[in-house]
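Consider the two complexes below, in which chain A is the common component and chain B and chain C are the respective partners.
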Partner chain A sequence: MAKPQIGIVGFTGCAGCQLSLLDLEDELLDLLNLVDIIDFRMAMTGNKEGPYDILFVEGSIVNDKQEEEIKELRKKATVLVAMGSCACFGGVQAMRNYRDDKKIREAAYGKEGAKNFPVFQVKPINKVVDVDHYLLECPVNKYEFLDFVKYVLIGGTPKLPNLPVCHQCKALENRCIFLEDNIICMGPVIQAGCGALCPSHGMPCDGCRGSTLEAAYQQQVDLMIKKGASVQDVSRFVLKYNGEDPQVKDFLLKAWQEQDKNLQYGEEEEK
Partner chain B sequence: MTSKIISREKISNFVDSMINDFIVIATTNKNNVPTLMEISSFEEVLFDTELPMIPLKKLFHPAQQDLFKFSRTKGITEIYMLKTTKDIETKVVVFGVRPCDITGNNVLDEIFKENFRDDYYLALRDRTLIVGINCLKPCYENCFCESMNSNDPKSGYDLMFTEIAKDQYLVVPNTDGGKRIMELYPELFEDATEEHYDKYIRTLELKDNNFKKDILVEGLPSELEDKFESKAWRKYTKDCLFCGSCTFVCPTCYCYNVKDKIAIDLEHGIRLREWDSCYYPEFAKVAGGHDFRHEKERRFRYRYLHKFIDIPRRYNVEGCVGCGRCITYCPADIDVREVLEDVRGES
Partner chain C sequence: MTVKKFHLEHICRVEGHGNLLVEIDGNKSKNVEMQIVEGTRFFEGFAVGRKYDEAINIMSRICAICSTSHQLSAVEALERSVSIVPSDQVHEFRVLLDHGENLQSHILHVGMLALPDFLGYDGVIQMVPKYPNEVKLILRMKRIANDLQALIGGREIHPVNIRPGGFGNYPTTRQLEEMKDKLVEFKKGTQTIADLYATLDIPQFKNKTEQLAVYDGKTYPFIRGDIKSLLSGKITPPEDYKKDFIKEEVKPYSTAKFSTINDGEIYYVSPLARVNINSKFLTDDAKALIKQFGMKLPDFNPFNNNLARVIELMHCADEAIEILDKYIMKPPKEDNKNFRIKAGTGTIATEAPRGLLNHSYDVNKEGIIQRVDVITPTAHNTNKIEDDVVKFTPKLTDMKDDEIELFFNMLVRSYDPCISCSTHAITIDLRRTK
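== the complex of A and B ==
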C-alpha cells in the first residue's frame, strides 16, 4: 500500500483527542514514515482538504453548518473513523438531548437570546454520515489510534476488545471499589481497552469508552441503586459520556424513563 | 518418616532463610487486596488470613503473557519461554498455599501438563515449589471445599504445615524437593516423636469434624444434564452482570485468547495470550461468524456445565474446588451453591 493520505479534523468537542495524538511523542516520527498527514489544523499549516485515504473525525455535530461540512468531508474520504467519545456517542454534550432543550438555552442565553439558537440535537458522527470504524475513549486512546493505522496498513481488520473494564481490572489485581467500598463504578458495562486506568488509581470507571458488547445495564443499575445511588445519580452516571450510544439510549428510553421523569428525549425542531 | 516439627516463631526464620535462597512468593497486602507476590521479609506475609484474590494460577498462567516474537516475512524469531527458563535458574517457592488452591492447581496441571503439554505453563510450573498450610476449619463463610473434596490434596505440593498444637506445626514433605528444602535449614526443625504423630492424627480427626458438606457432588453431572433447560438458569442470568470477575478469580478457569501486537515498523510483532472468560459475548464465536452461545443464558449456564460436568468426566477431577472466590468477588452476589441448589431443586 502506498503511503496513505490522512486527515485529522475536529467538530464540537474539547480538541483533546487531537492533542492526544500529538502526545504520541515516541512514535510520531515513525508514524510519519507510514502515512502522509495532509490535514491537521491543530498541528500544522498548509493543510489540504482531501482527498483522504483515512479521515479521523473528532467531536460531535451540533448545528446545521457542521452537518453540511461533515457530509462534504465524507465524500472526500475513503475511510472515515470516528475518534473519541463525542464522535462515537455524542460525548458529554449529548446529555442535553435528554433534557428540555429550550429550558437549557433560556438558562444560558436568557428568554430573548435563546430564540437566536434553534433547537438542534447533538449528533454523533454516525447519525449524519457512515462511519467505518470507531476509536473509543475520552480523549481517544492514542495507542489504539496507532494500532488502527498499523492494521489498515498491513491489510488487517482492527477490532474492539469487546470486553468489560472488569477484565483488565481483575488482571491487574485491583481492589473492586464497587463491591467492597460501595463506590459507583461503571466497569461491568463499559468497553475495556484503557487498561482499567481509573480503577487502577482508586477512581471509579466513568464510562468514557461506551458500552461493551451486550452490556447488562438493567443489572448494573439495580446494583447501583443497591449501593446507594439515587435515581438522578443513575441517570447522570449512565448518560455522562454516552447519550447517543444505542445501548444506553435503549435502556434509558425504555426501562429508565419511568424512574426518572426528568428524562425527555428531545427531537429536533422543524426547520 | 521424615516429618519434622517447627514452632510458630521459627516459621518466620524459615521464610526469611528461604528468601535468601529462592524467590519466595506469599500472600501479602497490596493496596488492600490479598495478593500473591514476591516478598522480601516474613513480616509482609498475611499468615492465617484470607485467600489471595487471584489464586496460584497466575504464577503459571499469567493474565497476560508474551509467547513469541515474530517477523511477518521470517516467521518466529524468538520464543520467550526459552528465555524465561534459561534466565531464571533460581527456584520459586510459594509459601502458605491453602489445600483448596493446591487442588485447584492440580486441575490446571492435569490440563496443561498431563492432557496437553503447554510448554509455557510447564516452564513456570516446573521451577516452582509449593509449601502448603493445612486448614483445620473453614476459613470463611463462602468456603465449601469439603463439598468439592478439595480439602485434602494428595499431590501438587512439596511441603505441608499442619498446626498440631498451639504454635506447633508438623511439617510433612510430599516430594524430594520438599525434603531438600527442610534439609537446607536443619537448625529450624526438630524431629517428630510418636507423641507428635498422635497429635497430628487427632488434629486431622478434629479437622474432619469441623467441615461439613454444603453440596453433594455425587451424581451432580448427570443431574445437571437433566436440568439443562431449568428455569433457574434464566433467573440467575437476570442478576448476572457478565463482568467475568468470577472466572478470573477461579483457580480452575484457564481459558485464554491469543492476540498479535504489531510493531510500528509493520514487520515485527509479538504474539501474546491473555485470560478470557466464557461469560463474554465473543467467546464462543468462530470463524465465519457463528456463535455457539449467543444468548446470555447459555453463557451463564455453560460455566456451570463445564465445571460440574465436563471437567469431572474428562479429567476425573472436580472442576470446582469450593474456595468461594466467585461468591466473594461477584458484584451481583451470585452464590454458586444457591445456583446449584436451585437448579437441582427444580422439578
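== the complex of A and C ==
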C-alpha cells in the first residue's frame, strides 16, 4: 500500500491542536515512516494542496472566505477529520454566538462604525462541509489522533467512545469533588477519553470534550442547582467550549426561553 | 525603474495566518504591509460576564504556544483584581511552570522553525535523513520541556492545574527528582545546540529602536515586575501601560492591532529585548553563551533573537533546577483554598516566550468580570516588523528575488510571531469603512 498522503490545516482557533501533533516527540519519527505529510504550514514550507487521503482540520469557520476555502479543501480530501473542540463544536469563540454580537461591536467602534462590520456566526466544520470523523478535546488528544491513524492504516473504522468522564474518574479512585466538596463538575455529561485529567488534579471537569451521546443535561443541571449553582452559573458552566454542540445548544436555548433572559442566541448571518 | 512586488502569502513555520506585502521601487521599499489575516475571535468580548476563576482557562485559548503565559498572566492579574495574595511557594511553582513553557517554545523555535532556514531545508521533517542525531536531540529536549509543563500544569498545552491562590495539586518528591535529572540532560543538550548556533551564518542587520521588557532590578523576571524601556531607561508600573505610553491602532489590511509608545515611537519586545535589559541577572552558564556567541549588548539585530532564545534555554533550565532542588529538600505544602474576594482592578505585565504581555481586568464584588484588555507580544511587534523591512530593503539590492523572499520570510520568523495571539482582540476588517 502506498503511504497515505496527510494534510494538517488550521482555521480559526489557537493552533493548539496542530501544536499537539508536534508534541508527539517520541512517536513522530515512526509516524513519518508510515505516512507522508504533504501539507502542514505551521511546521514546514514547500506544502502541496492535496489530494489528501486524510485531511485533519483544526479551528472553526468565522468568515465567508474561510467557508469557501474549506469547501475547496473538502473536494480534495477522501477523508476529512475535525480535530479539537473548535472544529467539532465551535470552541470557546462560539460563546459569542450567544451574545448580542452587535453590542460587542458597538462597544469597540461606536454605533455608526459597527454597521460596517459583518456579523458571522462561528461555525464548526460540519456546519459547512461533511465531516467523516471527530477527534475531541481542547487541544485534540494526541493519542486518539495516533489511534485514528493506526486504524486507518490497518483498514478499520474507529469509533467514538461514549462514556462520561465520571467513568474514568471513578476507575482512578479520585475523590468526587462534585458530590463531596460541592465543586461544580461537568464530568457526568462530558465524553471520556482524557483520563479524567482535571478531576485527577482536584479540579472540576471543564467540559472541553463535548457531550456524551444522549447526555442527561437536565439531571446534571438539577444536581448543579442542588449544589448551590445559580441559573447564571449553570449557563456559564454549560457554555464554554461547545456552543455549537447540538445537545448544548438545544438545552441552552430551551433554558433561555424559560428563565435566563440574559442569554441570547445571535441572529443567523444578518449582513 | 520597475516596481517589484513581493507578496509572501501565508508565511509558513509560524503560528497562524499572516502575509507580508512588500513593494520595492529601485532600492527602496514603497509599500510594506504586515497583513495578519487570521480570523478574529473577540476574547475581550466573551470573557466579560465570566467569573474570575473560570476566565483563566478561557484566556489560555487565545494562543496554544503561549497558553501557560496567558493562564499565568490571567491568574496573577485576576488575583490582584479580587485581592487574593498567593504564597511564595505558589509564585515559585508558577515560575517553574513558566520555564517549562519557555523551554518548549524556544526549543521548538530554534530547533524546528528557524534551524531549517539556516541549513537550507523546508522543515525539520525534511532534515531527518541528513541530521538524524540533531533532530533526535531536539525532539528529546522538546519532550523534556513538555514533561515539565505537564508535571506542574497537568497538560503540555492549556494547563489544567492553575487556580486562583495556587494549584490543584503538587507533584511528589519522586516526580520532582526525576524531573531534575531530565533538566540536567536538557542543559547538556542546550550546550550542543549553542555550539551548533555559534557556527551558523546569521544575517547581520541592525535596526536601533526602543525595546521593552519586564524588570524588577533583582532577577531575570518573567511573571512580576515593571516595564523597562532600554534606550530611555524609563520604568513604567504595569498598571500605567496605557497612561501616555502604549497606544493601539487598527490598520485596514490586518486583523491584528498595531502599537506605538510615547505618541508614535516604534518599539519592540522579544527574548533579545529581555537579554538586553536584564543580562546582568542571567545565570553564569547563560552569561557564558553571550561570550561564546560574541554578542555585544545592547544588540539590535532581530535575527539574533535566535541566540537570545538559546541563552534563555540555559537560564531557564538553570533556574528550574534551582527551584526543583529547593522543593526536593522541602516538599510543597497544600495551598489555602478559602478566600474572601473584593471588587477591583488588576493589571499585570509578564514575559511570554515572545516578549511582553499585558493582561488587565475589572471584576465586581460577585467575582464577575466587567472589563478585559490584553496586548500580546505580536501585537506589540507588528509595527517593528514593517519598520525592519523598510530599513533593510536598501541593503538587499545585490540579492536575487528568491533570496529576498527567503530573507523576508526569515525576518518575520525571527520574531516567532504568534498570529493567533495577535488577533484575539476586537478588530475586524476595516476596509469596508473606506
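Note that in this section the second predicted complex is superposed on the first by the 257 of 271 C-alpha atoms of A that agree within 3 Å, B and C clash if a C-alpha of one lies under 4 Å from a C-alpha of the other, contacts with A are read in each partner's own complex, and residues count from 1 in each chain.
The rule is short, and it goes like this: a residue touches a chain if its C-beta (ideal position, glycine included) is under 8 Å from a C-beta of that chain, and two chains touch if they have at least 3 such contacts.
Remember, it's a predicted structure, so these values are computed and weren't measured experimentally.
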Check your understanding: Overlaying on chain A: chain B and chain C, fit or clash?
Key -> fit
Review point. After superposition on the shared chain, which partner residues are touched by A:Val35: those of chain B (first), chain C (second), both, or neither?
Key: neither
Practice item. Return first, second, both or neither, reflecting whether A:Ile225 touches chain B, chain C, both chains, or no partner chain. Key: neither
Check your understanding: Quick one: chain B or chain C, who's touching more of chain A?
Key -> C
Revision key, fill the gap. Reported in degrees to the nearest 10, the CA-centre angle with chain A in the middle and chain B, chain C at the ends is 110
Practice item. May I ask you to decide whether A:Leu146 touches chain B, chain C, both, or neither, giving the answer as first, second, both or neither? Key: first
Review point. First (chain B), second (chain C), both or neither: which does A:Val79 touch?
Key: neither
Check your understanding: Which of the two partners, first being chain B and second being chain C, lies in contact with A:Lys170: first, second, both, or neither?
Key -> first
**Study point:** Minimum C-alpha separation between chain B and chain C after superposing on chain A, in Å
**Key:** 10
Check your understanding: For chain A, what residues appear in both contact lists, the one with chain B and the one with chain C?
Key -> 202
Exercise for review: Note which residues of chain B are touching chain A in the complex, please.
Suggested key: 30-33, 35, 53-54, 63-64, 72, 238-245, 248-249, 262, 264-266, 274-275, 277, 280-282, 296, 329-332
Revision key, fill the gap. Within the complex, chain A is touched by chain C residues 10, 12-17, 38-43, 45-46, 49-51, 54, 57-58, 61-65, 67, 108, 112-113, 116, 122-126, 128, 135-136, 139-140, 142-143, 146, 154-158, 160-161, 163, 167-169, 409, 420, 426-430, 432-433
**Study point:** Contacting residues of chain A [partner chain B, same complex]
**Key:** 27, 30-31, 34, 146-147, 150-151, 153-154, 162-164, 166-167, 170-176, 178-179, 187-189, 202, 213-214, 216, 219-220, 223
Review point. Within the complex, which stretch of chain A touches chain C?
Key: 10-17, 19-20, 22-23, 25-26, 28-29, 32, 37, 40-47, 59, 62-63, 66, 91-93, 95-96, 99, 104-105, 107-108, 113, 116-118, 138-139, 197-198, 201-203, 206, 233, 236, 240
